[in-house]
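Take a look at the structures listed below.
Two complexes come next, and they have one chain in common, subunit A, joined by subunit B in the first and subunit C in the second.
On to the complex of A and B.
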């Protein structure tokens, strides 16, 4: 049974978790602010339509294939997030923290959150969102002297770039499906999904505009665009506020890990209810290990997106018949 | 304890009573004849006053009147026709007899009557009502709870003079039979909360109850948390204020600490003085206390994390000083910090448990030897001692959070030493989850901050002026589920 969480709080926790990949970027965006804004505006309705069957498919009586693919996507997403956060942290802080200690500390904190359950994770998301909001204000204050409206690049005909940038914006992440899974009814799920998508698009666009206003044309080529902006900022004698930002963003990554792992475990409880059926976890874990060993982060993100697309396609399958 | 009824025969009841207390030397039982009926006055020496007793009895004996036909008639006369200071309800069982006697009353057993009479002759020695030592205030009432339950109840009743104040008596402690008073405002306290606490109180099985804090584990349920869902106060005015917010107050006989249920995180940063000063100043103080909490918990961990993993974050001048100090000491920074923190806790414990004059000596010795000699000898570095001292001073601002803050501070230092700023961030997440996951019967410990409620602005992180607070006083009914989460 899923815990009762108000729709507002459901939206809030998913939205907060979605901020992590936006802030912890480790690859160049390849698109300027104008294209990003347009791509986001186009992506929101498209994603919303794509996600429409999610509520039906992820219901307890929905197709097993749908929930199975969703669980697999969550597993890949957890691995991706762990990898992305590790790479971001080591790139930005230049510490010689070993992979073992990184994994041990992050997984310990993550498991504590998972143990707390969705209620605890949701309330914690409020705290992290407050921290993130404070960090955002600090970030703006610290770079206000370097903001140049003239740095914003205007492309005369952005259509070509838009078509190139749109697939990246349409890439599905498991958090998009979470509102549909958590909400009591598909209709409520659709409402929360719309709100989350809108929030996600606004933040994505705002970050792109901020990044380009500070970094100019170089924004699209930065490996860590948001971090680079944070690194340039400073207030009075405080020149290393980036450490504060990195800490807050790592908290968001941790929240995303907690939420995804909690959802994954809940799904697996429903999918593999008996001890005998849990042997399926062995090949599943092995497949994930192979994926981790052979694929790049970008490829894993596409695998995750593919699994979610499969889940949505499976949601269109007819529902299981109830046994009399 | 026995629910056995009194037989009405002195020959039988008196030996049973004596046997129950194993012929204790403080048990006083005097046989006498009143209006021709055999009686026995039973009390505990020290709990009851023999002078008072004899004034009452002599008054009764000196009254002329016809002899009573039997014990029942005499009991009826004393209970209903005399003006003696007797309790309204007669004693019927041995259990009740013991309760009355241990409460300081004298019980008059009457031969031929199956009920006995309880006379009010209490003489209880107790610590007088005085100013609490551990809860300083500049303004407001100076009265603090004492150890006697009845006196504590009277302190509350004196402050809340409306019929809404309800005081329910319960008993807990198999070996001590301690009285517990559950106090609440029936108009403001959520009925489901009162009922749940009442049930849990009745189901509490504990061998002895010497302080209200013993009840905490029985009343608060749920997974492990660093934080307490119960608060404590020694001030009757503070308890009164909490009752006026719809909270429940538990008073335990023999303890001057009232337990407040539920207790929220933000309350650790509030004090009675907040409401006596200007609103902006009270808000500023709350922000300062919150900052002090973060410093007390995180400063050593952050210092170790930065110095060990990201020294470039220090300003250059500070970095040179830290590096020079660390180079001169034998222990790694991380271990040095843990060592100093543990040492400070040992010094604190020593100063707290020892008699006061020796306690001061401990502080002096530790300040001279640890603070000065260890630094001069190059065993400890000055920045580490400064950070630890600053942390301790910050801790004194929020004494209510001493226990979780001490444990968390060590964990933060450990995490910072092992994984740098990432460790500190992860530990912060653990602390946040721990606080956010704590609730009391569905009311979040982090209320009204998380999830954000209007109370947060009115009287949470900030305090609005009394004009605003008076318009819509805060009560915990705002926090009653279902409004957010319950697993």
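On to the complex of A and C.
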């Protein structure tokens, strides 16, 4: 039985979770603000169309392969998220925190979030979203004196760079499918998905424009683009506000982990209802361990995206026949 | 109850994570960073402020101490400087980078790139060129050095043009405002501004050219300058400057118009009350000529450091790209300057 959370709350919790990878970027974007805005504008309708089968496939009577691929994607995503958050934290602070200890500290909070259920996670997301909004206002105020419209890079032929930037924007993440899975009906799921995609695109474009207006052409080459902008700002006597921003962003990363883990365990409960079937987790866990040991974080993101694409393709398979 | 215990344990783990952190007393909070370069490599001087007890029990006497080091790279020099002390250098409050004579030019881009990529520091710290050497920081006492530090901060604040670390990081050209520092006398005042194209200083800008550059970049809202006029030296304050950019798409040229008000027109005899508008027109003509000069020296040399070309590119990017491809874009005649000033 699906949890009784309103559609608006479902959309907000997924949108809040999607903010984490946007803010905790650990790789250069490689694309300027103009191309990013165009890529986001092109990606939203394309993604919405790609995600259309999700509501059908992730329904309780949908193809098992679809939910299985989605669960596998969530498992890979949780591993990616742990790695990304730990790496971001280690890079931006002077703490040499290993992935093992970071996971050990975070798992306790993650499991409590899973125990609290989607209702608890949603209520927490509201608080984190307000904190993030306050942080965004603070960020804007702190760098407004360094904003220059003339720093924005004007590209003569954005089409070429657009084709290079678009694949990165079309990379599927599990949060894109969550609204369809959580919504009571596929139609409602499509509406929430559209709202989440629009919000995600607006934030992505806004961050790119803000970053380039401050840093100029160098923004696209920054390893931690948003964090670099956060380091620049100061308000009154407070000259270093990046610790405030990092704290809020790490909370968003924790929320995303909670939501992904909760969704993964829920899916597994439905896919592997018996104790005997849960032995399938052993080869699954082994495959995940091999993946973690052999692939980079960026490769794992592509594996996750591939699994989600497989889930969407499997959603087109015939539904399971109900046993009379 | 079981989950409440689990939550308590997890909270304890989270809170205990900071126990291994460095206490504040174990850190040297770097206020100013000085870098220089010679044949042997880089020299780094970290200036940090500490307090020592004074005879007056109610006061702590601040003094500025230095850590010096050298190395083949900036990183090595900084590490060498830090290793001279048991304190851990903390760059989070470092807002001033001084580049010695050897570090100016091609070397400064490398140094700024390293510091900008280091998450410990601030990528928007102000960068100034100085003529002092690394050993000049040594002889002064902690109190004298502290007084010099305050002078440096004041001079940096008074400087018309501020160059940021991230603007020079990995760049090919840049403006470097200078400070005239005398470590022995403990004085520091704003100096001229040097234009570097690649590793070479191609121009030295006086206060008027520096002020125009700062106005173009929107760094200042009013500026006090001195002009040589037919009546002799005249000091004035330019208030409410407004810089308008009008692109002409037919000829692909840019009309830049600077307008503003002149206040406090003063000569050797005091405030000027007659013929103010004629003076304003004469000053406007001088500023026009200075604007054309800085355009020739930056845009005309293929380096749009003041980003003036943006106002034309944003109107017709394709045509501007074609001009750039054919080598005709960086024509100083492409930007026409007009200055209109009104005397108050």
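Simple rule for what comes next: the second predicted complex is superposed on the first by the 321 of 324 C-alpha atoms of A that agree within 3 Å, B and C clash if a C-alpha of one lies under 4 Å from a C-alpha of the other, contacts with A are read in each partner's own complex, and residues count from 1 in each chain.
The criterion applied here is as follows: a residue touches a chain if its C-beta (ideal position, glycine included) is under 8 Å from a C-beta of that chain, and two chains touch if they have at least 3 such contacts.
Values in this document were obtained by computation on a predicted structure and should not be read as measured data.
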Partner chain in contact with A:49 - subunit B first, subunit C second, else both or neither: neither
Contacts of A:108 with subunit B and subunit C, given as first, second, both or neither: both
Which of subunit B and subunit C A:240 touches, first, second, both or neither: both
Touching partner for A:99 - first (subunit B), second (subunit C), both, neither: neither
First (subunit B), second (subunit C), both or neither touched by A:4: first
Which superposed partner A:275 touches (first subunit B, second subunit C, both, neither): neither
Touched partner set for A:121, first subunit B, second subunit C, both or neither: first
Set of subunit A residues, in rising order, touched by both subunit B and subunit C: 93-95, 105, 108-109, 112, 115, 240
Sites on subunit B touched by subunit A in the complex: 223, 306, 309-310, 312-313, 315, 415, 418-430, 432-434, 436-437, 439, 444, 446, 450-452, 482-487
Residue numbers on subunit A that touch subunit B, as the complex places them: 3-6, 9, 89, 93-97, 101-102, 105-106, 108-109, 112-113, 115-124, 126-128, 237, 240, 243, 246-247, 250-251, 254-255, 258
List of subunit C residues in touch with subunit A within their complex: 3, 6-7, 9-10, 13-14, 17, 21-22, 92-93, 95, 117, 119-120, 122-124, 164, 166-167, 169-170, 217-218, 307-308, 310-311, 313-314, 317-318, 320-322
Subunit C partner contacts - residues on subunit A that touch it in the complex: 91-95, 104-105, 108-109, 111-112, 115, 146, 148-152, 154-157, 215-216, 218, 221, 223-224, 227-228, 231-232, 239-240
